[in-house]
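Just so it is clear, A, B, C, D and E label the chains in written order, and each chain counts residues from 1 on its own.
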């Protein structure tokens, strides 16, 4: 029984890592700041939740589990707030998102 | 299994460093550092289990805290050109195009 | 064991590379703040060297575990008994704690040097108006020449 | 027989804790100074801390004279585990030097600071000064290699900011302090990497334990690399010839009370650490210590003696001349240290003590008369304005030049004798040439101050305050006293040299 | 569960991988042309270094490296960078080659010593088999704290930590001397209270107001937890300073200065070091050596206290009291010095802005 839970936990972790790598690739390939912020913060919080769930399964009832929940709570509180502030700052300083045709050359190439 | 997870996270962090170096605008760089920090927090938690000492999550909490604070500081520096000014006084929507 | 042998020159070599690179930035960069950052890298790489000495293969952090606690048992499971008997303490193999204590000091010393250095840079910026090393040298040479004429 | 044999300065309970209290007292004084509301209270606490440290140093001297080596396990744990404060004759010699100059500088600091810095900075300046004294005293007493690095940083981080505070008088203090910070930190970091290499070979940080393990160890290459790095690091801290670029700027632009203390102690304690590491710790490695001394330090010291003196002649700013003369004097001392004979080391230590006192007197005098201008000409005819201070300065300049009846003369004379006996003719020639050039710039300074007539545009020169005068005259008189009857100081130096060389041969 | 654990060799390989990432970051730093990019690289460098330290079984050092390196150093670097030009001019070749050759010589010199250095992870190397092992064996008997690093830091080598705390005080004194001039003057705070809660950035203000008390509480947890897990005086001090810096970042440094004036902060730094030294003096007055915590409690009093089960029944209350005492002193000194340094950098910049704006 313990082995099964551990395997499910590590499956969650692998899923979280996959999501994280997808987000990282997204941050590299997306055309402008806002889409990158979108890619990064969604996958960060998603990967954090999945990984915390996976590790909770592996840790079981122990002080580590409580610390894991605190870490998860902390990430949930700070990561979106930071992303919001970042987007607000970028918008405030004159960066405008690229609307309409995605095939238009992105900021990198201009 | 955990080692594979840790290696995957390492790749994601490497990609973030690439964005940090390439990032045309300053906000790409701040984003890269913020995302790198969050991934480091997850890495610490995962490594705690990989090396069999899960009670090192205190370090992960400090990481998340420091990551949040340095992101706000970086954002204030790039956007408002000052550290000491209260955020409230310099409303965020003031139009000052910069890097 | 051959893996550790192969890694040794690579790992120490990277440590010494970081020392040389930090020293190079601290001595040659024209921007004063970047010089301090180079100095910080140089000090941190001294810490890397100490920590490289402290690692014991299969060892865990120097926080003593109860001999029969689940963590100790799972750690012991990945090592053979003879290794634990010779190098372990009370059934658990630990890494060497002394360099950790020394590097805690070195990190704080590095931060203290950085703080004083940056406050000097802020004052230089306010009095000289520039933080470019070569402009500063030029300004000082000119001031020296003027100083000598008007006081003679 | 050491002059302190049989003398009792305090009750046995106090003497027992002398090494730790000698270091903790100035640290407490620094905290009280930082807490004190007014400059006056800060001065009292700094003076009290310095006097207490001197008292403890004297107790230590008596204790060491009696029992050879004093070992104090801090925290109650025996050496390999705990940190050991180990004081032998060599350590006591330098503790006395640092604490005497500490008291003298602290006595004169109130009036000198008032002349140069605004009132609100005095409390923090006294705190920084006391922290520097703590670091240097800690260096002379510690027997643990990494503890030496920590005290090296304690003494130097405070002084970077103190030197930068000279900007109120001369804006070049800031760039000089920045260069001093970069070079000083690189030196300290080289030192800590060297200690790390020695630690990787011996596994311990206690210096005596390290010496034993080094003699038994087979892996010499890491140990020699460690020693080379330590030598380079300490050479940077002691401003030895090729690595001395930071010193002239720092000494010419810093506040005079800070430069007076630094000129007398900072580089000297680095020489002490060089002697400690290359003679005691490296004793085990056959030939490594001596090899470094003879082939790396000796030639550099010779070049330093000649080149620095020549450069000093061409300077026009008073303090820059004295800074280059300090570099030359370090060259003399290192020539004596690398002479390889007890007599040579004794003469070197004697010269070091005499030169430290003389330099501190000179910088205190320059500060005390309120000498704002940097150029030497602005000092013209200062003798008439501040007779007492300038006569003390003249006595010290004579000592610096090595004129007869001063400690400087006696020290150089014995050093030349020891070097000649040791067959190092090139060193004798170097010192002779350097002393001649020293005569030139000392005569120039003396002539400008005493014999030249008053210039109308000279910046206001005024007599020193009574406290500053007391400190200045105490040091100037003792530099003459040790010129006439050098037995007390010479015995101390010989004991120190014997314990250093004794340990290695 | 055991199959999931990383094999010892995997740890060594992983450490080498992270070190490669660190070296890459240093290379990027070498080539960086803008100061802000350098600062970001330095922040990432500190985080990766802290990660590498975790793999190398040094949680305490990772704790400190993350909080001091990525946290406070980045803040003061940004403070200084704000007041200076951002572009880094390239070095003229003439002045580049001599130092470059010197660094290369140093690198080759050290590389020559490589062959004698102990093999990576070798348990029989001199450092790991001599004093390091003695600490691991003697700590339960002498001190009774599970965290050997805190035991060595606070008790065996407590004198080192006293020296280090005076290094922090020296830095605080130096920064206040150089930049503190304008902070002491009690200038009238112009902005009115209502601005603080205005529409500007509700999200961050709410997040900050929620987090700051939690962070302070967490700092005290790290202080008290120092003997059992990763943590201690330095880490707690820096986390407390981080909480104050967060408050200053969101609500303005003037606001934080009104809550904690510079005079109070400066005195706390001195009091922290004074507290540490006075524990040493108390040990002397009770007949022990300087900083000997066993002498803190009189034997009669200590006999009455319950023996700690953790340390096999030995009476260690003196050591526990001593370690907690000096850790509190260190925390006070570190937190107030880091806050004073942040005031000096952040407070000064807004001052010149005001001067510029006025």
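Quick note on the criterion: a residue touches a chain if its C-beta (ideal position, glycine included) is under 8 Å from a C-beta of that chain, and two chains touch if they have at least 3 such contacts.
Please read all numbers here as calculations on a predicted model, not as lab measurements.
Q: To get from chain B to chain D along touching chains, fewest steps?
A: 2
Q: Given the touch definition stated above, what is the smallest step count connecting chain A to chain B?
A: 1
Q: Would you mind checking which pair of chains has the most C-beta pairs in contact?
A: C-E
Q: Measuring between Cα centroids, what's the chain most distant from chain B?
A: With centres defined by C-alpha atoms, farthest from chain B sits D.
Q: Average the CA atoms of each chain to get its centre, and name the chain whose centre is farthest from that of chain E.
A: Greatest centre separation from chain E goes to chain D.
Q: Using mean CA coordinates as chain centres, what's the chain C-chain E distance in Å?
A: Here chain C and chain E have centroids separated by 13 Å.
Q: Roughly how far is chain A from chain D, going centre to centre by Cα mean, in whole Å?
A: The answer is 58 Å.
Q: For chain B and chain E, what's the span in angstrom between their mean Cα positions?
A: Computed value for the inter-centroid distance: 19 Å.
Q: Would you give the residues of chain B that are in contact with at least 2 other chains, written as numbers and ranges?
A: 1-2, 13, 30, 32, 48-49, 51-56, 58, 61, 65, 67-68, 72, 78, 92 - these are the residues of chain B that touch more than one other chain.
Q: Scan chain D for residues touching two or more other chains and write them down.
A: 146, 150, 153, 157, 160-161, 164, 193, 199-200, 205, in rising order.
Q: Going by the contact rule already set, what residues in chain C reach two or more other chains?
A: Only 19, 23, 27, 32, 53, 60-61, 63, 74-75, 78, 98-99, 102, 105, 109, 112-113, 116, 119-121, 123 qualify.
Q: What is the complete set of touching chain pairs?
A: Pairs satisfying the touch definition: A-B, A-E, B-C, B-E, C-D, C-E, D-E.
Q: Considering the complex alone, what residue numbers of chain A touch chain E?
A: Listed in rising order, the residues of chain A that touch chain E are 2, 6, 10, 58, 77-78, 81, 84-85, 88.
Q: Can you list the chain E residues touching chain C in their complex?
A: 1-2, 5, 7-9, 11-13, 15-16, 19-20, 22-23, 26-27, 29-30, 32, 35, 38-39, 42, 45, 49, 52-53, 56-61, 64-65, 68-69, 72-73, 76-77, 79-81, 83-85, 88-92, 95-96, 99-100, 102-104, 106-107, 110-111, 114, 117-125, 127-128, 131-133, 135-137, 139-140, 146-149, 152-153, 157, 160-161, 163-164, 167-168, 170-171, 174-175, 178-179, 228-230, 234, 334, 341, 344-345, 348
Q: For a test of understanding, state which residues of chain D touch chain C in their complex under the given definition.
A: 146, 150, 153, 157, 160-161, 164, 167, 171-172, 174-175, 177-178, 181-182, 185-186, 188-189, 192-193, 196, 199-200, 205, 316, 373-375, 377-378
Q: Quick check on the complex: what are the chain B residues that touch chain E?
A: For chain B paired with chain E, touching residues are 1-3, 6-7, 10, 13-14, 17, 20-21, 26, 29-30, 32-33, 36-37, 40, 43-44, 47-53, 55-56, 58-59, 61-63, 65-70, 72-74, 76-78, 81-92.
Q: Under the definition above, what is the set of chain A residues touching chain B in their complex?
A: Answer in residue numbers: 10, 13-14, 16-18, 20-21, 23-25, 27-28, 33, 36-37, 40-41, 44, 47-48, 51-52, 55, 58-59, 62-64, 67-68, 70-71, 74-75, 78-79, 81-83, 85-86, 88-95, 107-108.
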